[in-house]
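Have a look at the structure below before the remarks.
By letter and in written order, the chains are A, B, C and D; residue numbering begins at 1 in each of them.
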Amino acid sequence: MLLWLIPAIPLLGFLINGIFGRRLPKNLVTAIAVGSVFLSLGWVLMKVLPGLAELRGAYTEHYFTWIASGNLQVGVNFTVDRLTAVWLLIVTGIGFLIHVYSIGYMAHEGGYYRFFAYMNLFMFFMLVLVLAGNYLLMFVGWEGVGLCSYLLIGFYFDKQFATNAGNKAFIVNRIGDFGFSLAVFLMFRQFGSLDFATVFGQASAAPEWALNTIGLLLLVGACGKSAQIPLYVWLPDAMAGPTPVSALIHAATMVTAGVYMTARSWPIYSHAPMAMETIAVVGIATAFLAATIGLLQNDIKKVFAYSTVSQLGYMFVGIGCGAFSAGVYHVMTHAFFKALLFLGSGSVIHALSGEQDLRNMGGLRRHIPVTFWTMMCAAVAIAGVPPFSGFFSKDAILLAAHQRAPWIYWVGIVTAGMTAFYVFRAMFLAFFGSYRGHHHPHESPAVMTVPLAILAVLSLGGGFIPIPELLESVFPRFVEVHDTALMAVSVTAGVVGIALAYLMYIARPASADALAGRFKGLYTLVYNKYFVDEVYDAVVVKPVVNGSRVVLWKGMDAGLIDGSVNGLGNRVRGVGSILRLIQSGNIRSYATWVLFGSVLVIVAMGIAGGAR
Amino acid sequence: MDGILFLIFAVVAVLCGINVVVQTHPISSAISLIGVMGSLAVLYLLLGAEFLAVAQVIVYAGAVMVLFVFVIMLLNAGAEARKGRSFMVQLLGVPLLVALLGLLAYFVQRLFPQTVLVQFGKFTGGGAREVGRALFTTYLLPFEVTSVLILIAILGAIVLARKELE
Amino acid sequence: MEFIVISLIKAAVVLAVLLTTLAYLQWVERKVIAHIQVRPGPYRVGPHGLLQPLADVIKLITKEDLMPPHASKLLFVAAPFISVTTALISISVIPFGPAITVAGHRTWMQLTDLSMGVLFVLAVSSMGVYGIALAGWASNNKYALLGGLRSSAQMISYELPQSLAIASPLLLSNTLSLRELVESQSATGSVLSWNILHGPFPQIFSFVIFLISAFAETNRIPFDLPEAENELVAGFHTEYSSMKFASFFMAEYANMITVSAMAVLLFLGGWVAPWPAAYGSGLVPTLLFAAAGVIALSHGLRPARRRDRYSLPVFGIVFLAIAVLFLLPVVQGWLLPLFWFLAKTGALLFTFIWVRGTLPRFRYDQLMGFAWKFLFPIAVVNLLVTGLLVAWFS
Amino acid sequence: MNAVPLSWYLTLSAVLFALGVAGFLFRRNIITVFMSIELMLNAVNLSFIAFSYQLKQVSGHILAFFVMVVAAAEAAVGLAIILTVFKNRATLNIDDINSMKN
């Protein structure tokens, strides 16, 4: 099927734009960047999609052996099964829409070619990650998307906060990657191979402690990439990048890589109950915590960023409860509505010439109707209003959670209510009431609104794409009990959230501030994101920095090492003044040493039996 | 006939080689080096390496050494000054050199008995056809890599030469 | 033994003919240039100045042989030697005609055939640059040095397009031996199987490139920068006189002959007639010489000068005799190929002289730019296209 | 005197190599030093071709060919470097060129 073409075309686009982009006309840069992603999408639609019905197992293409060292054999293999296919469609499809959108969004930004080159590079790495047939190749894509994320967060590198955010994302991800690489090492030790097929084939026979350890280490990696507790702190800051980046990388695709990786590793997890449990707990904790923070954010992108973290938590709940297909299902619907929310907020920001604070918006409904209506579609989808996409996937996860542990279900329900509340709070603050800003809002060009409209349709109707049925052959069977009462509870939670938002921000706008005044302590705590960044700073960053400075630098380096070295050095200096003659800077002396060495080598070879 | 030719050109090569080392003026060294290369080309012919013999003359004597002569003329390099000294070289140079030559000669005599004789015409695998075939089949990748190397060398030379113009 | 004797005889014949040709080529050049400039040219020494070369030789031999002070003596003497030797050596592999049988001995009209003939000529000609460079260096004269520098840069530069231009017809003929090169072009016995017109890709471009580079390699106008008299007095041979000076001159003409012969062998089918003998190509020399004889005779009847009354009829009769000679079946077998080879080479030599009488000199930076930025890329593309087409059709 | 032992060729190669080394060690002119390197390369080429004769294989020729190509590239770059050094320091004496900085 020539699978390698799928990532290779964006790579080509990256190379052309990256190398020559500065000199190429803007239209050509656009054509190359968007065209390459379109070709990729086309290839997926033409080659992968039609065969999906027959594709029961995995289809693998081997290109060449990358590493052959001892019994470590790593090939460059691309594999497609139904899980991969779903991901390919999400990545290329959403990616294409966001590329199109970026044409309009980035039209007046400097570094146009650089942006698209990075975006294409990201597409390449993301597709490698998804197509990889072994963990090491997946790790290549994994690191690559991390790199692109770093580059794109720091896209406005002349702004201090953007570069700081980029660094933060990169460093936090390093912790996760460390876990991932440890997992890969352990896997090789345990199974002697890194190929999915081999590893999964032997997983059931492996000892449980090993599987648990591997699973937990993989989870550390997934936590880094998919912004779960405790490594979620980078994602909200990552909003410093351009909005299409937030939509593509930090909502729709890259951050779900952790979900993909854990879902892909289901044969390991299904024999590692402890790791599964941890995933579920981490997921629900993240979902709840991020949702509470999202309630009080004033930056429109920050609201959606915390929403993303929260929704990712849901996906992990799905995985952790054994409902892999539900998790994947939610990845897809989330990709639709969250990409739409981000692109829509980008359109709002674009309309207001860079304004991101919800307090300076309001009444935009009349100024930018297309954005408003499309974002409304996403909002109802994320709030879980039936029959829109978010309802189906979220419900599948919550039902699975109820089966596993009812408390997770109830926390999930509360989170769902909060989700509905903060999304509609943002919508109401931005689009209703009277305009509180100073700019003149203008609707975005068609190149931006058309992708919005397509995503709106997908958000509304995406729930009818039969992902769980499609993935039945991939994952172990998970029997879901359709409980209408539970379903009703979750719908009610959503509606209550919407209603509360309406009450507080439209019906009685003053009530929100009053409420904040009454619970001042709690408000401050949540408004400042539980001071997690500050705590991390105090507990991790400061000690490391200070420890490095005091213990390693002043103590070890300056005191112990320098001291001993200086003492020794003084002794050595006497000897060195003789030996320094060797390092005379005179080439002919050096040559003499070379000659001396070669004579020695010949003598040694003669002694060692070279002379037979 | 073979032996006489070998002796003539071996002697020429060694004499020219000595001349390369003892002449103080670089252009005399260069001319002597051309002499070495020319006699080596004849020895290549005796060993059945027709193509290499011609390539030796075209590439080494005809291109590389012309470049040397050109640079010597361009810089108007005179006879070298007898200044600067290296303790190492004076102390160890000659003994090491003698040791190297002695060891090499000893091992050659030891490892290659006198029975392997070189006769002109015994080995005919060194024509353009054979070399070309090997170059473009078995050694295709190294060949292509070398072409990249040459390209880089050209670029390097241009960059270096351009810098001095400014 | 027989081989050695025959080889010696052949070498002697070739050397004698070649040296005479060298001397008379200069006479021809002076005559042609003169006629281009509407002058009579050498006229006084012998009929139509035919003995002028002889006089020149005597003059050069008897001139004082100067040695500039502080010159590097050995190299100063060696340089013209190197020049003339490398120029003459290449003749040894050039075939003038097919195998012939003389007195029962069958031999080729060629001193020796190397399986690497083409590369051999390239190798030897690439050594020729040393003569000029060393002459410039050893003279201890700044003009000479500049001339030597210029010529080494120029010859190295033009060697590249020339080699590439040579490579393309080799792809068509699939051999490096000069003899087989001609045989590969004699398939139909007509002009269509010459490499210059031969499919799949006629080598017209590489012929032109070869010819242009040949002008530069032999330091001829319009590329005679190494001896540009209004800039460098006389360039690399400023300090040379007498026979050493003559050696450089001989080298230049010998190089011209070699290069023309190479062009004929590579592109113009060597000694092969332009169309088959069945259609009367064998009569061409007879007709040509007969026409020349008749013209000379008719001019002799109405002489413009007094001495022409005797010289022109003699020429006419000689020409007619040669015309008859070409009709003799005994000698036709080796005389006809020889005629065609010499005629083609002569035509190219005439082009050299013609260009000298017509074109002005290049400026130095233009000269180098022309080689690197125009000729070299075209030669590369030509080689690529040829290679692709040859691979496609084989 | 119709044939000589192969070891003679190798000995010649060793002698030439040693001469190259001697040139490298005892000459002070940077161009001569460079030429000594070329001499060593030539000596090694002779060995390659001699081995090729002994083994009746063409691979030694290929190696020698590559050595030539690399030597040509090296000469181009090396001489350009020598030109630059001369422009910057006005000396060709290798003993004077003993620091990386000006």
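By our rule, a contact is a pair of C-beta atoms (placed from the backbone, for glycine too) under 8 Å apart; a residue touches a chain by one contact, two chains touch by 3 or more.
As the structure is a prediction and not an experimental result, all values here were calculated from the model.
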Per the touch definition, the chains contacting both subunit A and subunit C are B
Centroid comparison with subunit A (C-alpha atoms), farthest chain: C
Compute the distance, rounded to whole Å, between the mean C-alpha positions of subunit B and subunit D. 5
Whole-Å gap between the CA centroids of subunit A and subunit D: 56
Length of the line joining the C-alpha centres of subunit A and subunit B, rounded to whole Å: 59
Taking the mean of the C-alpha atoms as each chain's centre, how many Å separate subunit B from subunit C? 32
Would you give the residues of subunit C that are in contact with at least 2 other chains, written as numbers and ranges? none
Multi-chain contacts only, two chains or more: what residues does subunit A have there? 584, 586, 588, 591-592, 595
Give the residues of subunit B touching no fewer than two other chains, as numbers and ranges. 51, 55, 63, 67, 72, 74, 84, 86, 89, 93, 97, 100, 104
Considering only which chains touch which, how would you classify the arrangement: line, ring, star, complete or other? other
Pull out all the chain pairs that touch, please. A-B, A-D, B-C, B-D
Of all residues in subunit A, which touch subunit D in the complex? 584-588, 591-592, 595
For the complex, which residues does subunit A have touching subunit B? 581-582, 584, 586, 588-589, 591-593, 595-596, 598-599, 602-603, 606, 610-612
Listed in rising order, the residues of subunit B that touch subunit D in the complex are 1-4, 6-7, 10, 13-14, 17-18, 20-21, 26, 29-30, 33, 36-37, 40, 43-44, 47-49, 51-52, 55-56, 59-60, 63-64, 67-68, 71-72, 74-75, 77, 80-86, 89, 93, 97, 100-101, 104-105, 108-109, 112-119, 122-123, 125-126, 130-131, 134-135, 138-139, 142, 146, 149-150, 152-154, 156-157, 160-161, 163-164
Which of the residues in subunit B come into contact with subunit A in the complex? 84, 86-89, 92-93, 96-97, 99-100, 103-104, 107, 110-111
List of subunit B residues in touch with subunit C within their complex: 27, 31, 34, 50-51, 54-55, 57-58, 61-63, 66-67, 69-70, 72-74, 76, 127-128
